[in-house]
Structures are given as structure tokens and as C-alpha cells.
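One structure follows; several queries about it will come next.
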Amino acid sequence: MPKPVFNEDRCKGCELCTVVCPKKIVVIANRFNSKGYRPATCSDESQCIGCMMCARACPDVVIEIHK
Amino acid sequence: MTHEIVMAGFGGQGVMLMGQLMTYAGMLENKQVSWMPSYGPEMRGGTANCSVIISDEPIGAPIITEPTAVVAMNLPSLDKFEPALRTGGILIINSSLIEQKAKRSDVKEYRVPSNDIASELGNLKVANMVVLGAIIAATKAVSQESVMQAFAKMFAKKPGLLEINEKAIKRGAALVEGK
Amino acid sequence: MAEKILMKGNEAIGEAAVVAGCRHYFGYPITPQSELIEYMAKRLPQVDGVFLQAESEIAAINMVYGAAGAGARVMTSSSSPGISLKQEGISYIAGAELPCVIVNMVRGGPGLGSIQPGQCDYFQATKGGGHGDYHNIVLVPNSVQELVDYTILAFELADKYRNPVMLLGDGALGQMMEPIAFPQGAAAAPAKPWATTGLRGRKEPNVINSLHIQAPDLEKHNIHLQAKYKTIRENETRWETYKTDDAELVLVAYGISARVALSAMEQARAAGMKVGLFRPITAWPFPYEALAPLAGKAKAFLAVELSAGQMVEDVRLAVNGASPVYHYGRLGGMICSPKEVLGEVTKIMQGKEGK
Amino acid sequence: MAEIAFARPESLHDVPFHYCPGCHHGIIHRLVAEVIDELKVRDRTIGVVPVGCSVLAYNYFNFDTQEAAHGRAPATATGVKRVHPDSVVFTYQGDGDLASIGCAEIVHAAARGEKITTVFVNNAIYGMTGGQMAPTTLPEQVTVTSPYGRDPEKVGMPIRVCEMLATLDGAKFIARVAVNNPANMAKAKAAIKKAFEIQMSGLGFAIVEVLSTCPTNWGMTPLEAVAWLEKNMMPYYPLGIFKTPEGVAK
Amino acid sequence: MAEIAFARPESLHDVPFHYCPGCHHGIIHRLVAEVIDELKVRDRTIGVVPVGCSVLAYNYFNFDTQEAAHGRAPATATGVKRVHPDSVVFTYQGDGDLASIGCAEIVHAAARGEKITTVFVNNAIYGMTGGQMAPTTLPEQVTVTSPYGRDPEKVGMPIRVCEMLATLDGAKFIARVAVNNPANMAKAKAAIKKAFEIQMSGLGFAIVEVLSTCPTNWGMTPLEAVAWLEKNMMPYYPLGIFKTPEGVAK
Amino acid sequence: MAEKILMKGNEAIGEAAVVAGCRHYFGYPITPQSELIEYMAKRLPQVDGVFLQAESEIAAINMVYGAAGAGARVMTSSSSPGISLKQEGISYIAGAELPCVIVNMVRGGPGLGSIQPGQCDYFQATKGGGHGDYHNIVLVPNSVQELVDYTILAFELADKYRNPVMLLGDGALGQMMEPIAFPQGAAAAPAKPWATTGLRGRKEPNVINSLHIQAPDLEKHNIHLQAKYKTIRENETRWETYKTDDAELVLVAYGISARVALSAMEQARAAGMKVGLFRPITAWPFPYEALAPLAGKAKAFLAVELSAGQMVEDVRLAVNGASPVYHYGRLGGMICSPKEVLGEVTKIMQGKEGK
Amino acid sequence: MPKPVFNEDRCKGCELCTVVCPKKIVVIANRFNSKGYRPATCSDESQCIGCMMCARACPDVVIEIHK
Amino acid sequence: MTHEIVMAGFGGQGVMLMGQLMTYAGMLENKQVSWMPSYGPEMRGGTANCSVIISDEPIGAPIITEPTAVVAMNLPSLDKFEPALRTGGILIINSSLIEQKAKRSDVKEYRVPSNDIASELGNLKVANMVVLGAIIAATKAVSQESVMQAFAKMFAKKPGLLEINEKAIKRGAALVEGK
């Protein structure tokens, strides 16, 4: 099963990944990371199709796609 | 009496404005004042700090090596400036982002959950005002009134901002004053 | 003097320029002077002035050349690397005897360096810089109020002597805020019958030029320039002394360092040491004649500057072997603290030499 | 262990970028790094980075780099390439760096047909120094040095760099791309790859202009910035391939 | 006394030129002076002269002038024009001055639509300094810095300045002319006049490139030089109007 | 040493560079150094080297930065206005510690000035110039043979210290012809493991850089630079003395002026005056320590230079008040004659002071 | 009658004027002027039609056309 | 013995080459030599001159203020350099272009119609060689053979030039030697 893996402390909460996910499962979490940003996260890994859109859209190389 | 206050945090947390308001207030009170910024290299996410001096004497060096008070808005700032604080000095910690406690026991520590309070007030951006309220209450370097006057002058074109900012300042002050 | 206001040094320079009647600004952004160019962008249109962001520092200084030659009170500003790029243009301006004001808010060098304050362009401003035998008048203010006062003076001196004037500050002065007051009204620019305005009825064309293709002509021109520099030296050398009368050790410092040195001096005095401060206000002309007599009285001198040792050479030239001259500096954007300077002072007073 | 389908390219060190949230510099860095990995030239690549927000790019790229003076990256890269003609040399430059202060250097590198590749990040503003007007700033756009909006009557219309350089024989590949959505990112990467291939085949100069956001200095959220880019920049700066040895039109 | 049908224009001082025998600079000076006389703007003209063989042009023009630094005439002229917007400001520049060291300044003056006129004397060489290669030197042309002939593989093809500047919106009138024969001289003069008129009507930047000889550094007699210009320069640098507000094509 | 040949100074530099293993040259034409760029254009292709005429002096110095950073022995050359344009680049090169050779064949200034020889860029070369605390090593040859010898030394020193070396000549030296001989064979360049060559199997990327964004880092880097400069001062200061042992008046002069001064000295000796000559061969580091002891012996010093008074400041710093220091100079491209200098010498020896 | 008038000491003998004269009456003289050049001159003023070609072609403003 | 010779004329008259040949010849004779040019600003039509020193002693200043010999190829050069000539010095005047006579009576004047002689020889360009022949005959600073040897070396790639130039030099020398 594909899944997005977030290097959460690198996330800057920019939301660019959230709009490209065809499944709309990349969302901003309601917490702060150590840098003071609300990080992106996956709301439902089971739906992930491994399209890598989110990873490609991320300016901070936060996301790996594991298969 | 000379207050030498360092305010530090991430770029974007509004520490520069805090310092400017306090400096402005000092000027309105006819004190000798200076404000000096120090930016990290980054536009965002980097560290930024400013040095505020409010004094009854003419000010020589505008830089501060042994602050009488330190405001730490994030952890790196705490780590950086706590050691320099004078014995008996005031340390304001933004406890919303910093879990760590003061390591020094010879200083007065105030923990201000500024992001949380700002969140409560409905505007994350006023976190710095909460802290500003705290530092003026703790140092008594300038009065709250002067700060509000300074705010009114600096944001003369945006009078709408006054209310929420005043609220934030009051909340911060109240926290220090234990109200 | 009007009501006090709180302003950043860079912005204060901008407003002072406007007060001085400057209506033309050409510049290129660079930290830590960008507040100045931004202030001019906002302010000049309000007074029907011309603000233009040039494509580079080189274009900016050559626009200044053109505008100054056309008779305008004109300013440009930058910080260290940008000022290096302007050196050819500055030499041309000096050669063509054009009045203008150039601001350098020095940062740590060499190269790209850092964006923190420095005083490591002293040599560039006062000695070398561009090619040929020329001098900028170099003013070195030490507070935001002085930035205001000496910006205005800079325009006056530029016009009076048809010479480029450099305001040599640093990132700290440029970005700090202090309460200031502006003088009322503007000092009027003198008539400039030499300016290229178009003939407009004049008979003889005016030419703005630094070329003298025959060496004897260029020598003549240089002799004229040197005579002018002599006049400037005689009339415009500026400095300040603090408690030097009985000082056994005289600190010599300018700009932001002078403030640090002043604090150190006060602390030293409080500790019973007879320390004074000599503060050049013009770095060129350097106040050699004012400093020299102190050498007879003081036992030693300590130059304090944010550099590896630049102004200290002028101090040595002034003291001319009469007393030892020490140097204390921080480098690369670091500012020294009064405490550090006090440490040096103490060492020297106790006979343990400084560097 | 799970297979990793998408991971950081080898040509990027594993350190966080200092860029602002949502800044496209990060995406563009990654695309360059991916291309270098794919072309297997990391071992002989020398990057020349500019003065601009990407001034610290030498901390990110995992191959040899030089930090050039503001605007002079094409000259610096020329020096490098002429010493090591078998290396792969590229400049990474912002719009202030390339189109303003460095205008002569890029024009002449292109005219000489210098065998280097340029990645040109056009974000219509000076990012690093706090949001001043660039030669590519759009009409009416407000910046800290065009506080009343860019006035074409006083400072002219923005320079279209690709169109200008396309008049020079030595420029063999010229493309304008964007990274505003996944499809365009793929095209951007392809163009960057092509620009490196042109260099490697010794044909001449190649440049890829990447339309990019600066949320911080535009005063927008990253998503607003992307929308602004699409609405305002793309019409003035049409995407496409302006020149290619294959003669493919845009 | 006889009526004088052709005499020195008022805008030229009555002093001998220092130019070499047969050098076209003299003709071009005279055409500029005639145009200024005819437009009756001598009284408000400010010329900006370059570093190049025409460095002493301030001795010849009978109106206010400034001697600019090498390549920076467009910046200097910008400073002048912004102080006196009602004056008529032109730069007179060689190909080394304008296309090489001054490349950024001319591109940006054009991009800004600076209300100045540029007379660009392209003689495919650095005259003043003794015949070095210019950006406009032709392929295979031998100069003292291309002693084996200009090699496009190493230094690229010559820059066509008019074509490049034509991509910039602020450039409103762009023409290339020559003074190799009486008919072309007439066209050259008309183009120069037009370029001044464009400025005076406030439309923007105008430039006239004049193909010109340098018999001395080409190592030819003046007549051989004219023939060489016709045979070698004209095919690479086509004459014509590249841009005009009237929309006349070349 | 091979057979003597007659060569212009500028061309001799070019051939010496080739002998020294320089295979990359980037430059822009300017009088009076164009013979050098033209020589390189012809010569480098013959030895499979790279000659490239840059679009400007600024491009040239940044090409030098790139090539030096890539590990090449590389040179550029210009004259006064062009050297001013290179100041930002030179500061970057010094900051990034890149070895290269920069030739300045000085002409009369300021501004466009004249194309005749001058020595008025001494300050620029040795003190100011670019921004920040850095130093070029500055060699000041005084004959065509020395142009050869010190060009070769320049490359060696540049590589040894990873520092820019400036060969400071003047239009006269550059354009005059004298018989010279070239040493056989080339001094080998050291390994440059720091160069950006592409990784080529190396693990850690190399970075060429002058940015140190944190001031403490930049200070550390500056302290390192200053330590290097100290080593250079200790090891590479060069000078020559002529008949200074019994001299009552010591002439101090470098380059072309030193030859004039030498003739004047001989004439003075012939007239029975005890005159000597001190000739710096490195202008930076200036031979302070070598000159200072002479102050104990000689009654006066006379600096002779083609400037309004630049090197004389270094002479004063060396003499440090121990004896009077006079200055004689010609300006704007004029060369002084032995007779004029003799006149000054006579005045001083007779107690009628010089300037 | 139109005629070309040469400011002979300004002439540099470049011959540009000689090739444009429709009447071929502008020629180079067989003497030196004070600058050491062989100057242009008119071989037969009577033939001159006053077309001003020679004057326009001269880079040194040597020629006036008098009518 | 030290010869300090100034050769001056229009740019293009070949004075630089004259000086270089003489210097080269001096070098071939193992003398100390230096050659220094001075150009006017113009490429053509301006004045140019060079200073040649040929000496048995090491050469200090390569510039000449009181020449032992002067070659004037045109009038401005004569006007400029005649006054500086040493008493007893040698003055070569290109009489093809200069009508004016030497004003000084304490120098040795030689009038050489170099352009005319060159014309006669069928090549105007060798006028400078005629003068060169004259100056070496008059000063004896170097021998004619050395000059021809220098010529052969400098124009090694154009041996065809040798003959006419040698003729010109001989004509100039003959004129001085009164042959």
C-alpha cells in the first residue's frame, strides 16, 4: 500500500501539498511543530493511490512516498 | 534607571514591533531611548531580535551585552539570551512554543502562553502584544498608557486595530500582575 | 526644531535629504540600507521629486553623475559591495568636480561577507576606493540625529566644494531607531552656472568632463583639485573631544564605535582611570591637527573600530610616534561591547599592552 | 522495509531549506537536483549560485558549487567552464540578479554561446532584500520601491528575458515554465533536463525561466500566491519553448 | 558674396576633428548636428558622449555635453533627462561602449522607455584602443584580440543590437542605417531626425545604429573600408527600421 | 636564462605568465595595458590556453573568480578605471581566498584622466579599493626584467597563500622596451584540493564562497585572514636599498619613480651629497620594519612618487616621527625627471624644506 | 555658378569625396598640406552642378558649396 | 657614453619603429638600452614620440629631459623638442615637411628630405628609414650593420622588405656623411 510519509519538523504548513492530492487526504493538522507551523498530514492513508503529487508539490521535500 | 531589554524570536513573530512600541512609549515619556534590530539571514523562519534601551541618562552604546530583561519568543532565543541576563533580571518566556524552563535561578521568570491567549482572542497575530503587555508590566520601563499612545500613533491609519491589541496587552499584563 | 519623532537611521537620512532639498535619488537595494531606498521611493514622489531604482549600483552612480552635472542635488546609497561597484563612478565624479551625496551603510566584509554592521570600509572611503588622486569628504555620524544633521551638511559641503561627500555609517546606525528632530526649512543650493542645463540662451556650452588628454592639462587639473582639498582640510575638519584634558589614555573612535567607546570611557572614569575620547566627525579630512597636540599630554592612544585596523593608521599619522597607539577591533559584523573596550583600556592603563 | 517511490534526490543534501513557507525556490532546487541525478552527472557538475534568496543554495546542492557576486553568475560560470570544459556547469539566478544587475553578463554568456545552463527564477520581485521592484515586476504591482504601483510611464514595462535572449544566436535552448501545478512541474523538469542536455552536447547556451512565487514579499499566502502567478504573471510571461535546436516552436 | 548652399552646421564648432582620414565618425557627427539645427533644439540639447574614439566629441558639438564613463552613457543621460525633462538628451556611443561594457545600461534605458535618443556607431571594432574585437565584430574578422579571426565556436556570433532591443516595449523607434553613399546618408539623417522627434514627443526610447568604418584598425584605405562595410557588414546587419510608432515595417 | 630579447613591458608580463604556467586569461582592453591582452590573445592559443575577452572588467574579474575557484592559474589586467570596476570582484576573491594575478598599469586619474603613466592608485592597491578588511599582495617592479620576474613570483605567491596578487605597474613600464631574459621552465602550481572541479569521486563537495551569514563565523574567517596576512608580512616583504648606509637623506620610491630617483641619487652623490634610495618591491606588505631602522641614521626622507602623496603615508608610518618625511610628486600622467628630484634633494640637504 | 570650396588644411586626403561627385571633378591634388596629406581639390569648377554630394560625403567638413 | 635620443612626428610616420630598431641594434651591440613611447591621444594625425637610450652604463630613468639628439619628423615636433636639446646636440629635421630652420645655433642641424627621398625610392613608407640612416650616421650610437641585423630579426617573416629599407637607410646615412 502506498503512503505519504511526512518529515513533520521540516513542514512549514504552506498547504501547497493539500490542493494537489486527488484524494484530498492531505490536510493541515491542528497542532504546531517545533518551528511553530501547523504541519501537513494524511487524514486517511488507506485512500492514498501513490500518485506522488503531494511530494512533488512540496517545496521543502517534506514528503516521501513509500510503497 | 536604565532598562536594557532584548526581545527575540522567529522572524515573523513580531518582536521588532514590540520593541518599537516600547521605545516609542519611552520617547513619549521623555526618556532617552534607542532601538536596534538584528536580523538573521532568512526572511522567515530565521531568528530576529532587537535591543531596546530606555534610560534616564544619555545612551552610549545602543547594543546590549547584559540585558536587564529578555523576552524569548522561541526556544533558540531562550538558549541564546538567557545566559547573558543580569542577576535579578526579568525573563519572559513564550510558553506556548517553549516547554523548557529557565535554567537560571537568579532571574525572575514569567511564562506567557502568548499564542494560546492570542488564539483565544481570535487573532494569532497579537501574540506579540500579549508578551508586550507582560514585559511592560514586569519591568515598568514604560506605562501601559504610553504604549497604547505609541500604538495609536504608529497605526494612525488603522484605528480598527487598537481594540484587539489593547486587549492582548492587558491580558499579558494581567498575567504578570497575577490578576 | 520640530517635535521629536522616532525613526530608523536609514529613513532619517532620507527625510534629511528631502529637507536639504534633494529631489533626485538613484539607487539599488542592498541590506542594510534598503530602508533608505524604500523611503525615497515613497517620499520623493510626494514632493515632486524623482526616485529611480537603477539596474545596478554602477548605473545608479552614473545617473548621479548625469543628474549632478545637470545641476541637481542628488543622492545615492548602498552598502559595502555596492559601494565597491561605484568606485569608478566616484572617481569620475571627483574628477569632474560634481556635487553629490553617497551613503555607505557598511556591513561585514570582505566579499559577500555578512549583513551585520562593520567599519571596514574606512580605507575605501578615505584613501583608496577609486583610482587617482582624489578625495571624498567623509562624514561619520554616530547617532540617528547626527545622520540627519550630517546628511544636510553633506549636501551643503558637496555644493560648496563641488565634491562628492560620503556619509559613512554602518548597518547598526542605519537600522536603529532613536528620537530625532528635523530642522525647519531647506538650505538653498547655490547657483550652478557650470551645469549642463542646455544652453538656454547661454553663449558657451558647458561641458562635464574628467578627461584631460594632455598630461600637463591633467596635472594642472590635479593641482587645482589638491588646492581645493587643502581648503577643505583647513575649513571643514570636524571632531569632538570628551574629557581629553586630563586623559592619560585617549580612545579614538567614530560612528557606532564612538558610542561604545563613550560608554567604556564612562565606565573607566567611574573606575578611576583617566580616559578620554577623541571622535572624528570627518574621517576625511581626518583631524590630524586636532589630535596631534593630545599626543603631548596623553600617554597612549587606543583606536577602537569595527575593523582589523584602518582608522588607526590615521591616528598613528597624527600622533607621529609621540605616544604608543594601540588598536582594538571586532571583525566581520561583530560589534564590540563597552565591557570589552574597558578590558583593553584596563590592560593598557596597567601597562599590559593592547594589540 | 517499504520501497520508497519518492525521496529526496541524491544531489540535495538532507538539510532544511531556509526558504519561506510555500516558496517555489524549494521546488525548483529539487527539480534541478533530480535532473542532475537522472543525467548521472553529479560527479562533474559545478553549480554557480547567485546573490538572492537562493544565496545559500550551496548548502543544499550536493555537488561542487561557487557563490558568485550579485548578477555575475554567468561570468563566474564562464570562468569555471573554460577551465573544465568537460564539466556540467549551471547558474541558478533570480530576476533581480539576472535581469537587473546581471543583464550584461547573461546577454553576453548567451551571445557567446557559452556552454552552460541557466535556471532563471522569475518571481517578479527582489525576495532576499525585502521585496523591491525587479525588472520583471508587473505594471501596477506594488513593491517597497514601487509603493504606488509600478508605473510603466516612468520605469517602463517588464523585461521578457526569454524573448530578448532569443534574438541571440548563441542561445540554443530557451524555455519559460512554471511550477504552479503538477502538469507544469513535469514540463518544467523536462525543460531543465533539456537545457542540461544541450550543454552536454556542446551546442551552446541554454536557459529555462521558471515563473515562481514569493508569498512573503507579495504579501500573500502560498496558495494565494500561486493564484496570483496564474492570473497575473502567466499572461504577461507566456509559457513555452522559445528556441530549441530541434526547431520546435512554442 | 556668394550664397553658401552647404556649410558647417551651427551645432558643430569650427574645429578640426581628430578622427583618422575617412573615418565615418565625422559624417555622423555632422548629421547629428544638422538634425539638431533643423529641429531648432540646440538651446536645450544635452549630449552625452562616450569613451571611444568619439571621446572628444564635446570639443566638436556646440551645445552642452557630458562625458560619460565607458558604457554608462545611457545611465548618465537618464540622470540628465530626469533633472531636465524638457531638454533633448542623446547619447553617442560606439559598439564597444554600447554593446559590450554598456550592455546593461542600454538594455535598461530601452526597457524603461527612457526619453532619450541614442546614436550608435557600429564599426565592428574598438577604434580608440587600437582595434580589439567588439561584440559586433564579424565571424573570421581579424582584430588584435582575435588575431586568428573571430571564432564563433569560442566567442559566439556578433550581437545584432537593434534586433535585441526591439524585444523591449520601451524602445519606440529602432533603425539601422549606414553612411556609405549619398542615398544612405540621407536615410541615416532622416532616421536620426525621427529618433529625436520620438524623444521630443515623449514616446520613449529611440536608437539609430549607424554602420560605420574604421579604416585605421581595419587596415584599409577609407575607400576599401567602405567597400568592406558594404560587402561584409551590410549582409549581417541589415539596414532598415525595426520599430516605429507608425508601425512601419523595415 | 635564455638569450636576451627586446620586449615591451606589457608583452613581457604576458610571456612571463605563460612561463609561470598561466593558461587562462580574462580581460578587457584599456590603454596603457592593451599590449598585454593582445599578447595573450595571440599567445595562449599557441599553448592550448584559454584567452577570452570579457564584455567588461566586471565580467573579467568574475571569470577570474570562477576560473581560480576551479583551480586554474589565471590572470587579468587593466588600467586605473578598469581596476576600479574590479574592486567588488577583488574583495570577493580575497574573501573566498582564491589565487589569481591582477595587473594594473596605472594611468593618470581621477576619472577618465589621461592615458599617460601614473602611480596614483597606490592607496587603492594597498589599502582601500574594495570593501572589507582584506589585502592584495602588491608587487611593484621597476624594469621590464622585473615585470617578468615578479609576474612569475606573483603566481607563486598567489598559490602559496591563496590570495590575489596585484602587479602594480604604470603606463611607462608597460609600454617601454628593454632587453630581458626569461627563466627556463615553469614553476609548478601546488595541488588545489579545495577547487571546484566537480566531485570526480571526492566525497565532500567543495564550495567557493565569501558569504558567512552569521557574524561570528565571518569574524572567525576574518581572524583567519588576518593571521594569513601576518604570515605574508613576515615572509614576503621585499625591498632593496642603494647606498643607504651613510645616507643623510633617503629617497623612497618604487616602480618607474625608483629609476628616476636612482638617477637623481647618482647625480646627488656625484655632487657630494650623501643620498640613498630605499625601494619597496612589495607595496603591500610595505617594508615598514626594513625602513624604520634607517630613520635612526638618516636625517630626512623624501618620498618620490607620481601622485599627490600616497606611499608617503606608509613612509611616515614606518619612520614614525623619528625624522622629517618629505614628498615630491608629479600628477596626472607627468613623469618627474632626475633633475627635478635632484632639485628637491638639494633643497632638503641645504635645509630649505621640501613640501 | 555653384562651386565647391575646400578648407584645404582640414583635408585628410581620404578620397571619400572623390567617388561621389557625379561630374568626377573632385580629385586628389599632387601636393601635401600642412598636415602631410594630399588634399582634395576641384579639377574643373565650371562643371560643378552644386549637388553637394562631395560636401555631404566629407567626414571632416572640409567642403562648402557656394552658389 | 650615453645617447639619449628623442624621435618625434605624426602618428603613422613610423617614429616608433625607428626607435625600436635603434634600440634593438644597441642591444645586439651589448649596450644598455631602453625605448619608451609617448602617444598622443589620437590614433592618427596626433603626435607620437619615443625616447631611446643607448648607453655603456646601466640606465636609471628611461625618460629623457635633455636629449643628446632629436629627430623631428614634423613641425610641431621640432617646436616641442628643439629647445630641450643639449648644447652640441644633433638635430635631424625632416625637411620634406618642415621648411623652418633650427633656431638654435649651438646644435648640429641635419636637414633630411625624407619623404622626397622615399618617393624617389618608390615607397613613401620608408621615409622613416631614411631618417634612421641619418641619425645613426650622425650619432654613431650604433652601427649600420647592427641596425640591419635588428631589421632582419624584427621582420624575419618579411625578408622581402630588407632591400628597400637598407637602401633608404644608406641614403639617409650618405646624406649626413656628405657622400
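Which chain is which? They are A, B, C, D, E, F, G and H, in the order written, and residues in each are numbered from 1.
In this section, a residue touches a chain if its C-beta (ideal position, glycine included) is under 8 Å from a C-beta of that chain, and two chains touch if they have at least 3 such contacts.
From a predicted model like this one, the values you see are computed outputs, not experimental measurements.
Student: Count the touching C-beta pairs: is E-G or A-B ahead?
Tutor: By the number of C-beta pairs in contact, the winner is E-G.
Student: What is the chain whose Cα centre is as far as it gets from that of subunit F?
Tutor: The most distant chain relative to subunit F turns out to be A.
Student: So what's the Cα centroid distance for subunit F and subunit G, whole Å?
Tutor: Distance between chain centres, rounded to whole Å: 53 Å.
Student: Rounded to a whole Å, what is the gap between the Cα centroids of subunit C and subunit F?
Tutor: Computed from C-alpha means, the inter-chain centre distance equals 28 Å.
Student: Measuring from the mean C-alpha position of subunit C to the mean C-alpha position of subunit G, what distance in angstrom results?
Tutor: Roughly 59 Å separates the two chain centres.
Student: Any chance you could list the residues of subunit G touching two or more other chains?
Tutor: 12
Student: Multi-chain contacts only, two chains or more: what residues does subunit E have there?
Tutor: Residues 20-21, 55-56, 67, 69, 100-101, 103-104, 107-108, 128, 130, 135, 154-155 of subunit E each touch two or more of the other chains.
Student: Using the touch definition from the top, which residues of subunit B touch two or more other chains?
Tutor: Residue numbers touching two or more other chains: 41, 45.
Student: Residues of subunit E touching subunit C in their complex?
Tutor: Residue positions touching the partner: 42-46, 48, 55-56, 58, 61-69, 72, 75-84, 87-88, 104-105, 107-108.
Student: Along subunit A, where are the residues that touch subunit D in the complex?
Tutor: These residues of subunit A touch subunit D: 2, 10, 12-16, 19-20, 37, 50, 52-53, 55-61, 63-67.
Student: What residues on subunit D touch subunit C, complex-wise?
Tutor: Its residues touching subunit C are 51, 55, 67, 69-71, 96, 100-101, 103, 126, 128-130, 132-133, 135, 144-148, 154-155.
Student: Which residues, counting only subunit C, touch subunit E once they are in their complex?
Tutor: 24, 26, 50, 52, 54-56, 58-60, 62-72, 74, 88-89, 92, 96, 196-201, 205-211, 213
Student: Taking the complex as given, what residues does subunit H use to touch subunit F?
Tutor: Its residues touching subunit F are 20, 23-24, 27, 33-39, 41, 59-63, 65-66.
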